[in-house]
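Chain lettering (A, B, C and D) follows the sequence in which the chains are written, and residue indices restart at 1 in each chain.
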Amino acid sequence: MCMNFEDKPKDECGIFAIYSATTQDLASTCYYGLYQLQHRGQESAGIAISYGNDIKYYKNTGLVSEVFAGDILKELPEGDIALGHVRYCTKDEVSVVNAQPIVYHGKCGDFALAMNGKITNADELRKSLVKEGVIFQSNIDLEVIANLINKYTEGENVIIGVKKAVEVLEGSFAFVLITSTSVIAVRDRFGLRPLVFGTHFDDYYVSSESCALDSLGVDVERDVAPGEILVINNEGTKSYYMDNIERRPCIFEYVYTARADSVIDERSVYKARFECGRRLAEKIKIDADMVAGVPDSAVVAARGYAAGSGIPYIDVLEKNRYVGRTFIQPTQAFRENSVKIKLNVHKANVQGKRIILVDDSIVRGTTSKKIVDILKKAGAKEVHMVIASPIVKHPCYTGIDIETYDQLIGAYRNESEISKIIGTDSLHFMDVEDLIDCCKAHAGDTFCAACFDGKYPDNIEEKVLKRKGD
Amino acid sequence: MCMNFEDKPKDECGIFAIYSATTQDLASTCYYGLYQLQHRGQESAGIAISYGNDIKYYKNTGLVSEVFAGDILKELPEGDIALGHVRYCTKDEVSVVNAQPIVYHGKCGDFALAMNGKITNADELRKSLVKEGVIFQSNIDLEVIANLINKYTEGENVIIGVKKAVEVLEGSFAFVLITSTSVIAVRDRFGLRPLVFGTHFDDYYVSSESCALDSLGVDVERDVAPGEILVINNEGTKSYYMDNIERRPCIFEYVYTARADSVIDERSVYKARFECGRRLAEKIKIDADMVAGVPDSAVVAARGYAAGSGIPYIDVLEKNRYVGRTFIQPTQAFRENSVKIKLNVHKANVQGKRIILVDDSIVRGTTSKKIVDILKKAGAKEVHMVIASPIVKHPCYTGIDIETYDQLIGAYRNESEISKIIGTDSLHFMDVEDLIDCCKAHAGDTFCAACFDGKYPDNIEEKVLKRKGD
Amino acid sequence: MCMNFEDKPKDECGIFAIYSATTQDLASTCYYGLYQLQHRGQESAGIAISYGNDIKYYKNTGLVSEVFAGDILKELPEGDIALGHVRYCTKDEVSVVNAQPIVYHGKCGDFALAMNGKITNADELRKSLVKEGVIFQSNIDLEVIANLINKYTEGENVIIGVKKAVEVLEGSFAFVLITSTSVIAVRDRFGLRPLVFGTHFDDYYVSSESCALDSLGVDVERDVAPGEILVINNEGTKSYYMDNIERRPCIFEYVYTARADSVIDERSVYKARFECGRRLAEKIKIDADMVAGVPDSAVVAARGYAAGSGIPYIDVLEKNRYVGRTFIQPTQAFRENSVKIKLNVHKANVQGKRIILVDDSIVRGTTSKKIVDILKKAGAKEVHMVIASPIVKHPCYTGIDIETYDQLIGAYRNESEISKIIGTDSLHFMDVEDLIDCCKAHAGDTFCAACFDGKYPDNIEEKVLKRKGD
Amino acid sequence: MCMNFEDKPKDECGIFAIYSATTQDLASTCYYGLYQLQHRGQESAGIAISYGNDIKYYKNTGLVSEVFAGDILKELPEGDIALGHVRYCTKDEVSVVNAQPIVYHGKCGDFALAMNGKITNADELRKSLVKEGVIFQSNIDLEVIANLINKYTEGENVIIGVKKAVEVLEGSFAFVLITSTSVIAVRDRFGLRPLVFGTHFDDYYVSSESCALDSLGVDVERDVAPGEILVINNEGTKSYYMDNIERRPCIFEYVYTARADSVIDERSVYKARFECGRRLAEKIKIDADMVAGVPDSAVVAARGYAAGSGIPYIDVLEKNRYVGRTFIQPTQAFRENSVKIKLNVHKANVQGKRIILVDDSIVRGTTSKKIVDILKKAGAKEVHMVIASPIVKHPCYTGIDIETYDQLIGAYRNESEISKIIGTDSLHFMDVEDLIDCCKAHAGDTFCAACFDGKYPDNIEEKVLKRKGD
């Protein structure tokens, strides 16, 4: 169904919510917001609108522009509160059942809920909820959260429901719940997934990334804090905090996931990437003719490397902008070089040249090998690869979709072993400390960089493996 | 969204289920079965397949042939048990959320559930389930049933869950539940909605109407009995029965809903309709040149009238076969005579003629008026209308979508008053006793004819009005 | 691509044209007209609108309601003249290139042209036009006609172009040409294909069948006469006539092609069919319990037989109304009995009965065999088939798509041989003389019944075979 | 219908053709080739395959991946010769009638023809062809060329037809004609539009740009020369040349149209753009903090400027990658800042900064004004714009879709007047001589830079204006 030419982790999602005193046509505003978060999820999109005591919604598989083509937006009602979501590609789907937001009727009315993250004890929670008499209509973690919130809601007090629900959730989550009167935005106690809060006159916005707020002319106020439960209603905003808050935002957002024009936890993604490149140039000296980045995600880091090294930046790969969802599978003849459908070599720039190629990360290594191969075939004399992140040595249980060691080329290999496999003349990774340093907004900022250093927040790996062992 | 040129009640659905020891490609077989039930529901279609411990499904809005166009059927797995559903048009939908079957994970595994009917105490049950901590993701009665079954299931014993659930349900229902090992087919204690059981070698089938079994070469064994809970699994079939069974199948199935080639509760729908016409001819003598039926549903009764009266059958209306879901709304110029888009007059047959026009029923009366009008304009000398059912004087709370008295032209009017409104030279309805007599398979058979005689099973009207009064 | 469960000839088309002094939104009116001609062609549809000196159009594959779904009609301009077309299914298409109308710019402006018929010397004409320097962008005969009209147009005189073009055309044709100022409706000198002319206040209409005019409330004035060139412009109507007019309308329109509520050449199709049945009953006496027609096309004739014989009419086959364009191909298991997808037996009416089954015609015989088979399996004691037309013994070169003798079950077989193949207890056809008699509007009316009697107008068969022999 | 957020000229097309002795599945290869030319045309796509004496084709509106979604490619036949085309967006279309290739049957068989360019005397030629008895079924220039070739073809000699046809064509054209036995690739005598020739073992390829050949692993042999008629058949290749060849390739291909990884007339587009930037940096010294390019087309020139000036390259605009064909029109609230849907500011990079913003060209100036505006609002201290091309002062009659002076912001304005309108602190264009110098592959190379300098090849402007004056 979904096309994945890239060897990149994917399991992100994007959330966009509005609480508006005055704005007309929230559905359209939400649509534009989601459209800016499209890079976080291309499989499905949905928008829910709360009006009076009801919530109406529409969701389907496809890009935001496809799902809401035609008159669909007009069929959504005018309302005061909106919640939108985009979702990434997963494997075994034939229906829209896993699309978000999920909309449901619970103890005290209608709700819509959308999330970004991964609940590591979802199966356990699901089983115990099932024992208590609940049924599940999908496989998504979100249905577990909806049921927990409902279970713990006391009378009309949904906030207590949210507070208690988040206590039993393990893993990562940023989610937004809308009711008939309020928006409740929640970020887990590690702040693993990003969530940002903005205002525009008397309206309030919550978004996975600041780029969506910028684009709408909404002022970015601040990040929702790790462990914060931010309630927005007609009295303004009020915050509650979880226990045991321990700041550990996912560092991979800076490496690859987020859009470069976003600012996450007060650190510009662009600047973080540029600084990574610059820092690498300081430490790793390579005698070469040119620096280039793998488009699009590694171009900023490559520029940083060029700036730091004084070696000129020259593109070596051109990306085809039109790879879409409906692209047909390459026939056998083309499968081998499927990377060429997406990336073509700037032959004129490459011939006889010694190239420093910067990429943001290497996960499985399959695409890197192909890229090196087509550069060499195009006449590159040397290809030195500089990776603007450390070796991915550990699975991620709380976000991206790599859950076992054997999927990782670097799990049990060092730089030179990986270099040999992918065919580079030399291969260089970044130190974890340097990466963290580059992504810091403030001295003392801490991250989850477990995929690089194995230091999981909340002993997640241990818990996950123990559960599997049961 | 959905096109409704006809003044006919609609809220039916069709169910089709298979338990197979041997058949390959259940999804296709289920597709062909549903296709024969398409007249019972044209809004959405879905198929669920149980294989191993999982259930996969696909459902969407559209005709069976549209929903399962392309490769969708192939994406459904091979399995041993299948459940399909078609659903009628309702008003306020923008998504597939109300399509059936619903598939869920409950106390003892995966389930799929599909129904035909209307639970009159659904709101009440929903509220009390919500109080107990359950959330609802749609507005359909089926989700209430799913939760009740789950609630009452004891350990692995789903049958006890079903038994107890049906005790608290009021209204009409025929539903099928599939699990990883069994098919459970249920018909309410009045047998209000039809459900039939068939076999083909070692395979078992359940269908809303027998025509779907015939078409697949499946032997019709018998109707699922009013109040029966029929369990099909690897030990064969076993039946349980509800308390207080009181046979009252909906008589409107014979009048209009079912396909003429079906046999419901051992009575051929075709024969019932033909006999209605014949009986009317006996009682209502009209001096006319010809008899004609309103296509398609009243043609059989009209033939009966012709046979009984000796007056020749000559068509006066030709039906356009191509009115589809996507038909655009008539512009103002055409709206007035929108009936002409679907029905054209056989001018050559009509001019100067005294016509006996047989229709199956009159509900709102709007279409009847238009038909009389176009016949007169085409030169008919007299139009006498004979209705092969009594005056619809009462709402239906358990099936068709007419829930208030003021929607019914006949609620407070007699034959001559209605005749004046729709412009017939004379208008004649059938007696309830005669209708019941014509639809009987056996002496003593009883029906729900509440829309005609106001005798609701289970005092449903009283209960409904009392609830509304709360 | 296109679904054909039926063993019926197909190569018809439908034309609908409007010349309007006053009507708004001709595109919609044309849409409704085409919709009533949908039975004449289900593959593609198109509408062209002439406004000022330009002609805009839209055409695509699909039913009328599919092609003009969404806002397409609104994108067509307001104008004074409209031309629409529906087209039947042919085999080897992957694009819309053969859809009609074709719109072109020629010697004196913009034109749109649409036809029903088959030009038997098209290849020859095409070749000679190609030699003269013309190029062809499709395979349809219409492009030949367009080029001929253009070739023979003198100055601004398009009528002379039409007059000379029709002189060199062999075969059958009814076509309509629209220009910026006029509608020109043409019927070949034999009148092989139908074409009817109507008025509504100051507006003029031309349609393949009268049912489309009736449905719009347009008064049917008269048939366009065989050999007539009817010109409609701001001076009203004017007619020109070809030489050698010899009235020979296709009798198969009455047998099968036309809708029963149409009147063709002053003869009601319904009455012709009914009379065929009645006439058969007079001549062919069968001792049986009931008469039934194969739905939908043979039901009227069957009623005539019942009326004539006094044997009661009882349905034996129920037709599924929902077979659509997108219906997936039956899998192997179902292919054998694919007729059951479309037709189901009324078991209750059939068991133990001796049935007279009336069909309109037998062409290949494949479907007839299947129908007899399913009736016998359903318990019919005897199946006697009565065909409301003679044995099809000859190919048709001017209309329907059967061009060789070996496709016809009856080409070299008599009644009893065909009966043995299709498994009937007895099989009876109609005499050609009787058929002609039943279809006559006036004494002396003559037809093309060449498929039955081999008497081709204009020695067409001889010419066709000679050409093939070249 | 088609989305155009950008203020860029558009009227390009892409051609891709294959002559193959051995390759299987030419349709797929052609599909991949077209996919790499998608930037040259996003409105429609088509592929024609020549096999035996026939040509089959499919074309429709949409992106390559949309047009050939599903099984369409498989429905095209195996063959030896393929021709594909992508086409840009124009205004007044409701059908696929203008899609290419056009496929036709002419004097000596079947042909498919596809082009890139604009015939300035097309109307005149069309009129005279119409007088000679030809009809036109579309408005595209290509139909004129097809008719001319056909007209001048002598016997089986198509080459003579092409030779004579090109003599009467004015304007720009690169076209490919395929027959049952050969590929004929033609580039006008000025070489205004690009066309390149490649080989892969015994197969021959022709493409609008080299990037499509690279991506398929095809060796780029050489450009088709200005005025060349390159014939490829089973005897290999043979070239004919027009009279009066005068090398004047369109310089705007280097400025904006072509993909950066292509090499046109032996000059790398990337290097041309980079050199433009570098050259500008030499001449135009600006005291600023950073250099940035407007993505995507001006990024390379901006890098050149950064390299030449020593000022660091920092991005200021992030482009949303997901703007698609179906994107709904912004509501009023957003229309004003519609540029923000596509481009978001890197706030963190911009605040308080003096920015040199490089763009490739300014045509209407509307987008430039909006970009400057959003940068200023985001806190930029100064915005200096450097354009990597001269002021567009003249219409283009042979390619891009700007045909009148009043559409051009620079037609009658100088740098400082334009600067005032778009709100830059300073604005700088390139000299024509410098641009030409940067785009040269060899000393002495000449270009058409008429949009900048008014020096039209063949006195085209004079001829066009004279014709309009008629």
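Heads up, the rule we're going with is that a residue touches a chain if its C-beta (ideal position, glycine included) is under 8 Å from a C-beta of that chain, and two chains touch if they have at least 3 such contacts.
Since the structure is predicted, the reported quantities are computational estimates derived from the model, not experimental observations.
Student: If we define chain centres by averaging CA atoms, which chain lands farthest from subunit C? Would you check?
Tutor: Relative to subunit C, the chain with the farthest C-alpha centre is A.
Student: Express in whole angstrom the distance between the two chain centres, defined as the mean CA positions of subunit B and subunit C.
Tutor: Chain centroid spacing, subunit B to subunit C, equals 36 Å.
Student: Take the average of all CA coordinates in subunit A, do the same for subunit B, and state the distance between these two points in whole angstrom.
Tutor: It comes to 48 Å between the two C-alpha centres.
Student: Taking the mean of the C-alpha atoms as each chain's centre, how many Å separate subunit A from subunit C?
Tutor: Here subunit A and subunit C have centroids separated by 60 Å.
Student: Listing for subunit A: what residues touch at least two other chains?
Tutor: Expected reply: no residues.
Student: For this structure, give each pair of chains that are touching.
Tutor: In this structure, the chains touch in these pairs: A-B, A-D, B-C, C-D.
Student: What residues of subunit D sit close enough to touch subunit C in their complex?
Tutor: Per the touch definition, subunit D meets subunit C at residues 56-60, 72, 75-76, 94-97, 102-107, 111, 126, 130-137, 146-147, 150-151.
Student: With touch defined as at the start, can you tell me which subunit C residues reach subunit B in the complex?
Tutor: By the definition above, subunit C touches subunit B via 24-25, 28-29, 31-32, 35-36, 38-39, 42, 63-66, 68-69, 73, 211, 214-217, 259-261, 263, 268, 270-271, 274, 296, 300, 303, 307, 312-315, 318, 320-324, 326-328, 330-331, 333-334, 337, 340-341, 344-349.
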